[in-house]
Every structure is written in C-alpha cells, then in structure tokens.
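Here's the structure, in structure tokens; my notes come after.
Residue numbering begins at 1 within each chain, and the chains themselves are lettered A, B, C, D, E, F, G and H in the order written.
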Amino acid sequence: MSEEIRLDFQRPDRIGFDEAILCARKSDEQLATIMDRVLERGARCLMSRLELGVFARIAPRYLEKLDYDPVSRTAYLNWTPSTLEERPLIAVVSAGSSDMPQAAETIRTLTYLGAPTKQFIDIGVAGLWRLLERVEELRTFPVIVAVAGMDGALPSVLGGLVPGAIICLPTSTGYGVANGGETALHAALASCAPGLTVVNIDNGYGAACAAFRILSMIRQTGTSPLERGPQ
Amino acid sequence: MSEEIRLDFQRPDRIGFDEAILCARKSDEQLATIMDRVLERGARCLMSRLELGVFARIAPRYLEKLDYDPVSRTAYLNWTPSTLEERPLIAVVSAGSSDMPQAAETIRTLTYLGAPTKQFIDIGVAGLWRLLERVEELRTFPVIVAVAGMDGALPSVLGGLVPGAIICLPTSTGYGVANGGETALHAALASCAPGLTVVNIDNGYGAACAAFRILSMIRQTGTSPLERGPQ
Amino acid sequence: MSEEIRLDFQRPDRIGFDEAILCARKSDEQLATIMDRVLERGARCLMSRLELGVFARIAPRYLEKLDYDPVSRTAYLNWTPSTLEERPLIAVVSAGSSDMPQAAETIRTLTYLGAPTKQFIDIGVAGLWRLLERVEELRTFPVIVAVAGMDGALPSVLGGLVPGAIICLPTSTGYGVANGGETALHAALASCAPGLTVVNIDNGYGAACAAFRILSMIRQTGTSPLERGPQ
Amino acid sequence: MSEEIRLDFQRPDRIGFDEAILCARKSDEQLATIMDRVLERGARCLMSRLELGVFARIAPRYLEKLDYDPVSRTAYLNWTPSTLEERPLIAVVSAGSSDMPQAAETIRTLTYLGAPTKQFIDIGVAGLWRLLERVEELRTFPVIVAVAGMDGALPSVLGGLVPGAIICLPTSTGYGVANGGETALHAALASCAPGLTVVNIDNGYGAACAAFRILSMIRQTGTSPLERGPQ
Amino acid sequence: MSEEIRLDFQRPDRIGFDEAILCARKSDEQLATIMDRVLERGARCLMSRLELGVFARIAPRYLEKLDYDPVSRTAYLNWTPSTLEERPLIAVVSAGSSDMPQAAETIRTLTYLGAPTKQFIDIGVAGLWRLLERVEELRTFPVIVAVAGMDGALPSVLGGLVPGAIICLPTSTGYGVANGGETALHAALASCAPGLTVVNIDNGYGAACAAFRILSMIRQTGTSPLERGPQ
Amino acid sequence: MSEEIRLDFQRPDRIGFDEAILCARKSDEQLATIMDRVLERGARCLMSRLELGVFARIAPRYLEKLDYDPVSRTAYLNWTPSTLEERPLIAVVSAGSSDMPQAAETIRTLTYLGAPTKQFIDIGVAGLWRLLERVEELRTFPVIVAVAGMDGALPSVLGGLVPGAIICLPTSTGYGVANGGETALHAALASCAPGLTVVNIDNGYGAACAAFRILSMIRQTGTSPLERGPQ
Amino acid sequence: MSEEIRLDFQRPDRIGFDEAILCARKSDEQLATIMDRVLERGARCLMSRLELGVFARIAPRYLEKLDYDPVSRTAYLNWTPSTLEERPLIAVVSAGSSDMPQAAETIRTLTYLGAPTKQFIDIGVAGLWRLLERVEELRTFPVIVAVAGMDGALPSVLGGLVPGAIICLPTSTGYGVANGGETALHAALASCAPGLTVVNIDNGYGAACAAFRILSMIRQTGTSPLERGPQ
Amino acid sequence: MSEEIRLDFQRPDRIGFDEAILCARKSDEQLATIMDRVLERGARCLMSRLELGVFARIAPRYLEKLDYDPVSRTAYLNWTPSTLEERPLIAVVSAGSSDMPQAAETIRTLTYLGAPTKQFIDIGVAGLWRLLERVEELRTFPVIVAVAGMDGALPSVLGGLVPGAIICLPTSTGYGVANGGETALHAALASCAPGLTVVNIDNGYGAACAAFRILSMIRQTGTSPLERGPQ
C-alpha cells in the first residue's frame, strides 16, 4: 500500500502553503505511511478530521511529533510554532458553542500556517447586542471568517457593517430544514449583504486556506507596497 | 360550468372570516360565476392573485362593485370599509421594494378583514440602522408580519428584539440558491430566534389570515378580559 | 472552555421569556459550565434535547436542581412551578403516539414558561370521528398547536373548523417520501385551510415559544383591555 | 416521418384497453400521420394533452371524426359512445375548480373506455361539511379517484371513511412549497390512511386507466362470479 | 401512559379491515398497552415493523398469542387463520432476494386479512426470460403487487403485458442515485405503461391494503353480480 | 467581440474528433464570428442546439455552406460526406416519437463524424414485442445508444439481452415526477442490468461522441489487430 | 410610491463601497424614483440586471446620465471614470463565450468601483493548453475571479496552480444535471483545491464586491505597510 | 428459503459475462444457498459488497474456494486466474487514496473477468503535474475508468487530453455539498469534455462491466478485423 501514495511536496512553491491530510476515510496503515513519508523528508504536515478514536490508535513513535487538539480534530506533525510577531489580521466570529469545532478547525489551521487569529464567540444575531458591542473592533480586521449554522443570519448582518473580506463558513448545526448546513450555506450565498464569499459546509480547513490566501497577498503588498502586480 | 362551484358561505361562522377566491388558474367564466354567486347573495368577497391582464377582461357590470389594487393583485368585491376605529395592532415589516407585492397582499387582506396595519419598509439587515431605529416602535405591536426574500435574515434579527407574535412571510425574491424563496423559508424555519412562525412562500394572504386569527383572539379577550377559555 | 460561553440573561426583558439551552451537540463540560452559570446567578433555565444517555452522566450536585422528563427530553434547572391559576388557553393536538415526544416537548416548555395546556391525542384524520367529537371543545381555545407527521393532514382539517391561532408542528414520523418530516411540513405550508402557521420539523420548543408569544399578547390585553397599542 | 411510427394495435388483447396518443411534444405532422394510421385501419383512438392551439391547426378532414373537449384537453378519434347501460361504479372526487382539468381528463378517458363515472366537486377538507354530507353515497362506489393539489389532504380523510379502492391523482395546483404537485403526491403516498394508491402528478389519463383495470376485474367477476382465477 | 392510546376498533365497519399497529418508534410500554387493549377486547391485531430486537423483549404472557415472522417483521396477535377456501387472486411479484422483506410484509398482511396470495420471485427484467415464462400465468390474476427497487423497471414491463390491477411497491434496495427507493418510486409513477398505481417506498403493508380493497370489491360483486352500485 | 473567441482546432489531434459549437446562449454575432473563423481556416464544424429561429437569422453568405436539420437542431458547416463504406456498427434505439429530437442529434453527430448508424424506433418496453422481435439484430451491434425518457426502463431490459457497449441517453420527455429527465437518468444509473453507461439528459451530442470514442478504438484494432496497447 | 424607498447612502462609510440597485422585479416607476433620489443628492449609482427591454423604456432625461452595457446588463448613473492609474490586480478568467454576461457584470462592477481588471477568456479545462499557457501570468494576480458553468472544473485546476485569492463565480450555463448552475456551484464548494471561495450562481456583482473588499485591504496595507491591524 | 433463489446461469450466453452477487442486504443463509448453488453446478461467481464482518461469518467449507479482498470488498468463488497473456488495455485512474475501495472494486472485477488493468493513482487535478506527466501513457489505452469524488474535476480534464473511451466512476468521498457523490456524478455528466460516460456513485462493479463490454467488442474485432457487423 505504501507505494500508492504520492504527496504533493511542491504545493508551497505553487500556491504558498503545504498540503494537508484529510484523515477521514483513510486506514490506519495509510495514515502511518503518510506520516513516515513526511518525517523521512523532514517535512511537516497538518492532519484534519482526525477523530479522537483514530488518534488513540496512532503508534507511540509518532506521538512525540504530534500536536493534537480534539475539539478541532486536527494534528500538527513535526511542526514548530512561528516566531513571527504579528498582530492578528484574521477574526474568527461564531454564533454559539455548537459551532466551536468548525471555528477551532479554522483557527488551528491558521496557527499552523503561521497566521495569528482573534476569536469572537457567541456573536449570534438572536442576541444582537453581543454583535453590536464588538462591531468597532471587527471593523479593524482585514479578513473575517464568519461561522454560522441553522439560519445563517450572522454573515448578512456582518456584511453590512464591516469593510473587510468576509469568508462564510456554514456549519451543519441544526435539524429539520437546517438540512445539515444547506440552509446556512444558501443563506450566505443568497445574502443581501454585498461581497460575501462562502466555503463548503463544515469546511473549517478551507475557510482557513481562503483567509490565508488573502493574508499572503496583503503581506506581500506590505513588504513591497504597491510595487506588486503584473507587468 | 356554473353549477360546479359551491362557495363556503358558512366559513365565517366556523373560523371567523370569509372565504377568498384564488383567481390563479381559474377561467374568466369561472370568475364571473363566482362573482354572480357572491352578488346574488349580497355577500362580499376577496379575490387574490388577480393579475392585471385578467382584471382587464372583467365585464363592466362587475367593475363598479370591485376595488382593485394592481400591486397586491387583489380585488374587493362588494366591500365597504369598516368604520371601526382602532389603532393598528399589526405591523408589516419588509426589507425592500422587491417584496412590495407580497407585503401589499398582506395589508390589503387585513384591510378587507377590518384590521388596520402599519407598514415599515426598507428594514433589511444589510442596513441594520434602518431596523434599529424602529425597534422601540416595533416592540409595541402584538403581531408582526416579517416579509423577506433572499437570505431571509430579517426575521431572525427581529425575533431576538421584540416580544410580539412574529409571522414570517418568505418571498420568491432572489436568484440562484435563493431557489424561488426556499432559502428564505428555510432560514425562517431554522432560525436561532425562538418562537417564529412561518407561512408558504409568497403567501401574503395566508400571513394576513394568520395575523387576523391572533388579532381576533386578542380582541375577544379585550372585550371580555380573562373570562374566556374552556370550561 | 468555561469563559467561552455568554448566556443571554437579558432575553426576558427583550422578548418576554428566557433563553433555553439546546443540549444536542454540547459536551458534558459545556453543559456543566452552563448549569454553573445559571445557578451562580440564581436564575433558572430550560434544557432541551437532553438525551437520556447524556442526562445519566450529569453530576449528582446538579440533579437535585433538575426536573427531567425522558419522553420530551427536557429538563428544568432551578425551576419552581407557577402558582398562577389560569384555565388552559393552549391546546396541543396530536395524531398518534408516535408524535408523543414532540407534543411533550411543547407541553413541557409551556409548563416551564407558566402556561397551562390541555392535550388532545389520537386525533388523526384517518379516524375522523376522534377529531369531530372534540371540535366543539377545540373551538374554545385561542391557540392550538397541531402536531402531525407523515402526510400532515390534521392541520388542514382543523384549520377549516376552528377560529383560533393554529401553530403546526410537523414531525419526522414516517418513512419513504415522508422524508423525515418534509412532507408534513410542506403539507402544512401549502394547506388549503387559511391562516395556518408552521415551525421547523420536530421543533416542539419553537412551537411552544410561538404559542407563548401569542398568549402573552392575549394576557396583556386581558389585563388592560383594548388600551394597548402604539401611539 | 410517417414510416417512423408503429402503433400498438395489439394492446387491447394484452391489457384490455387501447393505446392513447400523448400529443404533447408531437409535431403537427406526427399527429396527422397517427390519425391517418388509425383511420386507415378503421380503429379509434384517444388523444390526450391536445392543447387548444394545436387542435386549432388540425386539418378539416379530421375534424368530423374528432370529439374534442378543451377543459380536459382530450379528443376522441373515430369514437362512438358505448350503448351499454350500467350504473357508474367509479366516483371522481375533487377539491376545487382549480383541479377541474385533471378531473375532466380522468372522466373523459373513462367515458371513452365505456366506463360511466359520477363526479363530486368542491369536496375539499377545508370545508369538511361538503365532504361529510356525501360520505354515505361515496361509500357505495367500488372505485374512487381522488383529485387533489396543494396539501393533498383529501385522500387521507377519504381513506379512513370508505371501503372502495382509492386512486389518488395529485395535481400541480398551488405555489411555493406545493412544488408543482410534489407535496400533494408525497402526502398521498405517506398517508396515514391505509391502502391508498397513487399516480403521477396531473396524470388524469393514468388514473382513469388504473380505475378501468379494477373495473374490468370487477365486471369479469360479475359475469362469472368467483369462477375466475388461476388453476 | 396507558390512557393515552385510543385504538380505532370501528375501522372494519368503515373501510372493511382493521387497524394495524406500526411498531417503529413505539416504546415497549406503548406496545404492551396496545396488546393489553386488544386482548381485553378479545380482538385481533396486526403489528408491522416489529424488529427482531423489539420482539425479543416482549413479555412471555403475550408470546403465546403472537405469530411472529422475522423476514417481514410482522406479528399477528390473537389471530386464527381463515378457513375460507379460495384460489389466490393476488400475485406478489418481486425482482430479487433483496426485496424479500417488503414482499413478505405484503404477503403476511394479506394472509392476516384472509386473502391468499401466490408469490413469484426473481422476476427481474435483467433476466427477462424469467418474467416471460410466467406471463401467461400472471395474466390470470386480477391483482398484482409488483415489488421492485433500484431502477424499478419491472412494473413498466408488466404493465404492458397483463390486464389486471397493478400496485407497484418500490423498495429502498440499491445505493447512489437509487436514493433510498426514490428512483424506483419515480420510475413507477412516470411509467410509459398505462394504469399502474403506486404506494410509498417499502410500504408492504400499504400495498397489501390496496390489494385487499380491490379484492373486497371483486368479492362483493362475485357474491351479488352486477347488482351493486349507487342508486 | 470577435477577438474574444479562441477555437480549439487542435482537438482532433488530442482526442480524435473536432470541437462542436453549442449554439444555445450564443448571440448571432458570436455565431457569425465562429463561422468566419472556421471558414477562414478552411475547416469544418458541427453546430448543435441551433434553434430554427436562430437558423432563420443566419446571413445568406453562410447558408450555402450549411447543412441544417430542424429535428435534431444541428448544422454542418463546410462539411462533405465521408466516402468510407462501412456497415453501421452503432445502433440508435428509441422508445417513441417524443424522443426523436435527441435520437436525431446523436445520429446527425455520428454522420458528421463519419460513423454510419442504424436507427430502431418505437422500441418501448410497454410494447415489449416490438423490442423482442429486434433483439437478434441488436445483438450484432458493438455499440448501442439507448434513448429513453419517462421511466427509462428500456436500457435495463436491453442490458440483459445484448453484449455490446450500451450508452444510455435519458431524455426530458414526460411530466410530473419524470422531473425533466431526472427519473430516466437515475433509472439508467441505478439499473439492475450490468455495465450500462450514461450521459447527461438530452445530450445527444455527448452520446454520439461517446459512441465515436468506442468506435475509434474498435477501428484502430481492426486495422492493426491486437497489436495495440501500452508497452 | 416614491416615499417608500430609502436608499442606504451611508454604506460607503460602513463597508467601503456604495449600494447598487438590483433592477430585476422593480417597476419603471420605482427605478425612476431611485434615479431621482440619486441625482438630487448628486450621488452616483450602479444599476444591475437592467434588461435591455427595461432600459429602452427609461425616460430621455436620465439617459445622458447613464452609461449602459447590454452584455453585462449594467448601467452607471452619474458616474465619472477614476483617474487613478494602477495596474490591474484582479483577473477575471472564464471558460467560454457562454459565460460572457456574468464575467462582464463582474468587470463592469469593478470598473465602476475604480478597480482595473484584466480578462482571460476561453480558459476551459477541456482545452487545457489554453489555461496552461497563461498560468505564469495568472500567478501574478493577487485576486482571481473564476467564472465557470456546467461542470465547474476550472476553479479546481486553477486552485492548485496559483497562490492568489480565488473567487468562484458559478454560472447557469448548461442543461440537464447542470441544474441551472447548481453543479458548478457544488463543484467549486467541494473542490479538492484548497482555499477557494464561492458566490451565488450568476452573481457577477457579488463576485466583484468580494474582489473589491480584498483589493481594498491590499491597498490599505500598500499605503501604510504592516502598520494596520487592531490594537 | 433456499428454493427462493434462481441464479441466471445463462447470462454469459446473452451478454458475455456472468452474474455477480451483490452481498449487501443478503442474509448469511441466502449467501450460503447461493454459494451452494454455484458450487453444485461447478460454476464460478463474483461476490461484491461483501463486508469484512459478513465474510468473517462464512463457514469454513466455503473458505478454501474463496479469494477475498477486504479493500474492494469482493470475493471470487471457485475462480481460477486466466492464463491469457495480454497487455492491459484498461487504465483505472484515481485521484487519491480515499477513492481506493471503488478503484479496487473495478480492478478486481476486471481481473475476475480476465481483463488485465493498469492502475494510476494520485492523479488529482489539484496537483496537475501528476496528471500531466502520465498523459502520454494514458493516451495509449483504449478504455479508461476515471474514479473521482468531491468536485469530480478529473474526468473533464482527462476528456480533453485522451482519445479512448472514458467511463467516469463518481465516488461518495467528500462531505457537505459533495452530497454523497452527487456533485461528482453531476460534474461528470455535465462535463464540458465531449464523450464521457458515467456509472452510478460507488459502482466499481458497473464501471468494470462497462469497460469489459467495450473490451469484448475490441477483442472481437481484433480476432476478426472489420468483418464484424450486421448484415
């Protein structure tokens, strides 16, 4: 089986960040092979959707190289924290404690990529005051990830109040016509607030990568202001 | 054909308001027969979904008995305004001018039934200040009909701010995943705000009837306070 | 984790009733934190969708403060019954024993909120006589919650027979094209009976809140008849 | 084009009734060819979904052989009425005038096949009295076709009251979540009343054929009581 | 709990057969109560969707009164076989062994009701010869229940070959776009073969009741040929 | 506008056949530009979904280069028939005259590509004899395109009778739950007959290209038998 | 009617760009009123989804103030081009000429907002060379709008090749299971390429606003490199 | 039960390959009966969807006759490898290790049928270089099975690069709007690349049968070049 896996180590050169391993639907053997490959090369890697039960079966020799977080179901393999000091430019806003796993996946992915974040929780529209008292602060972030399930009303309200890029992360929280996140997804896509963008339901990893793409472009310009661009 | 139609003139005795005629899909002949029946009996009737083109073909002998409004596509047949003076207890709140026809259908139906309303327009969440500056007034209404299409975020925000009964009227405004009103409908049903109720997409008539049922119960109690109830 | 939760204790001031805790998808730790917060403050709270298995893991120190009901999967924390004597103004009507959990969630929520209810069971349309012999009594209730799964025909029949406000609570009872409650939901929304309102599938809590909003408006008027309304 | 059409003149021998021509999506030339084939053979044929506009373009030489009805959009080609005297054994029950075209298609098809019908109209459940006062009569029919759109509650109520075979014909009447007849279809299929059967949305022709199959089996037994059956 | 259940013992008088108990979603206590009610009255009853695991928990005092079949998941309570000798008039045709449970539910229900059946298995269209060699025999049955999952092609082929009433029972067999039986359901409803009728997915009980309704009408006529009908 | 279009003239080198122009949604100007490009280069091209109304507006200077067929809505630009003599290896089988446009699009596309076809019509399963009497001939074709709408039962029956490659072309014929071809599509995909393949609804062009890919591989082998394949 | 419209002139202060007018579903009177409001105030405005037929009815007094483009169906009211010289930082990439209207709406909106763009057309994956020969240039853009209908494969390929922010704009191009853009939407959301974001089907305006939000954040940083951020 | 199963041993004569047994939903007894039948006859058989847990319960007497593979969940009963030496003409291409089970089912089925295959893995479009460096080799295969989940972009890219027959096998890999494989299925069907064909989601067996049908036609021609075809 081990010869069947070809990791994409050139990805950072092409798109600016490295491949992550989606652990769902992979066998223990496949995961071990992947970790071997990464470690042989002295590389690092992010593992997503790594359930606690699967993590519990990982062999001890890998554990010392792994930084695991059960809420976000993510692990860092062979990772060292960035020493870069930068104020957080990405806000992660969520409506309630039910959306914590997805918000955590976004934050953990961005931390892995070296992008500090600031988290705002319990910012649901049903208690509008909790959102309103944070608006001024939220307006200072160039990128906001808005995590919301059920009716997904949070992004629409935010979108009319702040100027930054807004990435909506719909979650599968809810029941009945919440339809496993479809209603929150559709509400974000059909929002009356202009300029929202959206990622797949429960895709905290994707939301983080989208935020990181924007951050990279901002950093690039910060280093070399307004000199960038095609010839 | 005329013998094929049996109107339900006993409905007011059973449920407190009279039958309306849904004109969509009815032939000109069927409509004429219905109007004849109503007029013979000296009764009145509300006609809904009466398109301008259909209205234009109605014979002159009916026209003097008809009060037609093209925005709401409703007509009153043989109707005289209520002389009852009462402050409006029902607010009709809508997000934009695209939802005007549905809001108007609700208002016209309630007017027909003798229930005064107050309309609040352009109360969309993308411009939240327009909603916030009206909240105190909205809190005084026992019944609110919230008209919203696209992402349908308005009811969720309202539901966390006011104590009255809220009837959500989703509209087919929007395109793509707005899905002809389905997203607004689902967002209202899956709302994180507690105690919202919902009617069918574009069913301004139904929203009015639901509001009227509540109003009747309030009026009944107003006349005979706290004496009412089953034995 | 505990600092991550901000309860909305101001909700009663805004909308007339307090926040409930949806226990589904919350960890034991989150639930404990929430209960601590509520108890520290001397407040009360309703916990919904609290599965028996989760309840069984709750620490003894909370149990004496909890009133748990397994059918409705609800618990009252730090709650004392209302001493208000009032005849029930809300009827909860259901078609069969399969819909018991949802009907019970509605009743338990209303009891928590201080609103007495009367339950009518086995009122399905396939045995129409069971409905017909109760119609006169049902006509005396200002608010009816109609619980129905499968084809959801009950609300349409009721809606043509009684004048009160009707809140339809579709349930996920059934299989095949019952589609987890979607058919009952759509049947209620597309009903030929005028003025029905609808809540999300299996949302017994929401139906109760909607009923309570109407009841509050009626009580308000009962106290101060016809004096209420905007200036 | 004419050599491209092969009619199934042997169908009556196999299944007991002859092929009908679905005119929708057929060109004028195709229809003319089909009529020629039928007339050459001295046969007869039923044409369904023949829109008024298409009918108006049919050449005069066919018209004298055609019996056209615009409500049901059906035509009989080369047909002579049955001289058989039989009391109607099939009832066609519908809820409102909006469902008239589909009910009429069923009745016209059965008339063509030599099966007399009796029509019951305006039997909607929102005015239950109209149904209840006809129940005794409806109980005498061995076959009932129940035509209903919107919420499709009629079949469920009927199914609990009468012993005959019930064929539900859902119609596309309605808007919003009526979903072009899907809700009525699903309600009939998921009905709590036992033993209902269902045909496709707006398929008045199919409902008639299904009723005719049952009628044929009854007639066969009537002629040769209880002698029939496999050896 | 026991006072909450009201059985419909008058159903046979109204529609010709007695109420069955859908055991899915009922608690052990509810089932015991129902069985007590039936036995107290000396009545009989059919229990459907009674899973083996639930059956295994039934108290011994009921077991001697129960005739249980695990394939169909049905039990007869207090039932004695009919002594009526009649050749089977109902054929139950299925495509493969995966559809056995649904076919068995139909057969067991009809046996309970006193209607003998004949079963034809492995009659799938992918091996057309297995169907063709039974056609002549199938043509002698007045009622055929056609059980089919996946693509549901069997009813369309049958419908063009036999004159009897055909009740299609779509099953949830299959995966992917088989969509839990939806494709088989839709194929039966949209069939090019005229006069098929359809019941809900996996509703073997409903198919049996529909077949029994037709059988009753045939028997009635057999007893009193052509004398039956409305006055 | 003309500089905006870049045709893919290298496609034949890559995949063995040339690009076609889907005319739907293209403006008259865009079509003229494309035709100019093709003619300037002395190339040829197939135009699909060219409605009669659009064709009627094409300038005379193109018409002499165009071979248009209104049934299939296709045009050949600058095309000369193949002089290759070959027996047809591709059969196009359809159920009825309603599926003629899609069958014709397949045949016209294959003719354009130099692949002779044989058409079999009115091969629906509701008249099974029409299919059975052609089975032996159909078994001699290496490739069969099976065109079917409504219930899409034809491919399942065919798939159990013939050994060749079968490409199912579902059509949008039908109404109600035929769902614009979705039921026929799903029935072909979920078929119990092994080894069917499927193309998009109404995609006669795609079915032809798929058939042509197979034919090319057969021809290649015919020229150089069994020598082909990777080293 | 005119008093019913309240424009959101404060939007630029809140989110950095001004409100646009969605002309679909607005009456001529409503559009005139809006234009009056804008002109009275000396403001400017973008009008989207302004169909040619509606534009043709606009009164002459507005026309001199309007810059209309029929492909994108947009108009600029009282607008003067930006004099800012800046190299385009936003690329708009599309697969074919069928997606031109949506791509044009994005470009026109960005031009209105003062953001220069560069367009890349006919970059579909079926002719991969057209994409590959532009990759190096595309890699220099910080923001890319990827316009794609049908299977929506373009964004996935792009996402693995370039580091910039990618906004996917799915279009309703295609038929059958393309489902009016749903397949392209879902493919973009479920993409295996990390960090794509998505807007609603055919929402060229929304894609432009999303791109502009990112551009604004980049510009801000360019002006004041790395100084920005919350305190 | 054992007499209830009729295997289709004539299938190879009709369509060129033998019946497989779909083990899902079959009881242990049914499987044992089938194996007995096959072994009594000295025949062979392929068992698909045979879960490891079910396999573990198979009686020892069968095990020596069984060749089981847990990844593909297939077993060969009484099978001996083909001794035919032939270069692989079928390529099985997949995007990642999550699609391994479906790819393996295709390969195992083709091996059973005597058709050698070559597997290409990790050929996803997000790392386009992995696909591009194999294109020349892929162009030499007359048949390619393209296995892809999530966005299903692989077939569209392949379809523009190679001339062989392409059978798309969508998989249920992914979450959210991947919808259990529906998005991959729809993307393959709506592909802009011409001439792709598609099988049901996760139907590795069906993809193999489709490939084998084509291979048989090629082999037939290879043996008897260009002599084949109808008279």
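Everything that follows uses one rule, which is that a contact is a pair of C-beta atoms (placed from the backbone, for glycine too) under 8 Å apart; a residue touches a chain by one contact, two chains touch by 3 or more.
Keep in mind that what you see is a predicted model, and the values were worked out from it rather than measured.
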Open item on the list: With a step meaning a move to a chain it touches, how many steps does the shortest path from chain C to chain G take?
Closed with: 2
Open item on the list: For chain F and chain G, which third chains touch each of them?
Closed with: H
Open item on the list: Of the chain pairs A-G and C-D, which one is connected by the greater count of C-beta contacts?
Closed with: A-G
Open item on the list: Quick check for the class: compute each chain's Cα centroid; which one is farthest from the centroid of chain C?
Closed with: F
Task: Greatest separation from chain E - chain, by CA centre - done: G
Open item on the list: Using mean CA coordinates as chain centres, what's the gap between chain C and chain F in Å?
Closed with: 58
Open item on the list: Please tell me the distance, in whole Å, between the geometric centres of chain B and chain G computed from their C-alpha atoms.
Closed with: 36
Open item on the list: Counting only Cα atoms for the centres, state how far chain A is from chain F in Å.
Closed with: 45
- [ ] Any chance you could list the residues of chain A touching two or more other chains?
- [x] 11, 126-127, 159-161, 176-178, 182, 185, 189-190, 194, 200, 203
- [ ] Give every touching pair of chains, nothing left out.
- [x] A-B, A-C, A-G, A-H, B-C, B-D, B-G, C-D, C-E, D-E, D-F, E-F, E-H, F-G, F-H, G-H
- [ ] Spell out the residues on chain E that touch chain H in their complex, using ranges where they run on.
- [x] 97-98, 100, 121-122, 126-127, 129-130, 173, 175-178
Open item on the list: So in the complex, the part of chain A that touches chain G is made up of which residues?
Closed with: 11, 14-17, 20, 86-89, 118, 137, 140-143, 159-167, 185, 189-190, 194-200, 203, 205-206, 209-210, 212-214, 216-223, 225-226, 228-231
TODO: Would you pull the chain G residues touching chain H in the complex into a rising list?
DONE: 95-96, 124-128, 150-153, 156-157, 159-161, 174, 176-179, 182-194
- [ ] Quick one: which bits of chain C touch chain A in the complex? Just the residue numbers, please.
- [x] 4-6, 8, 10-11, 22, 24-26, 30, 172, 180-182, 185, 200-203
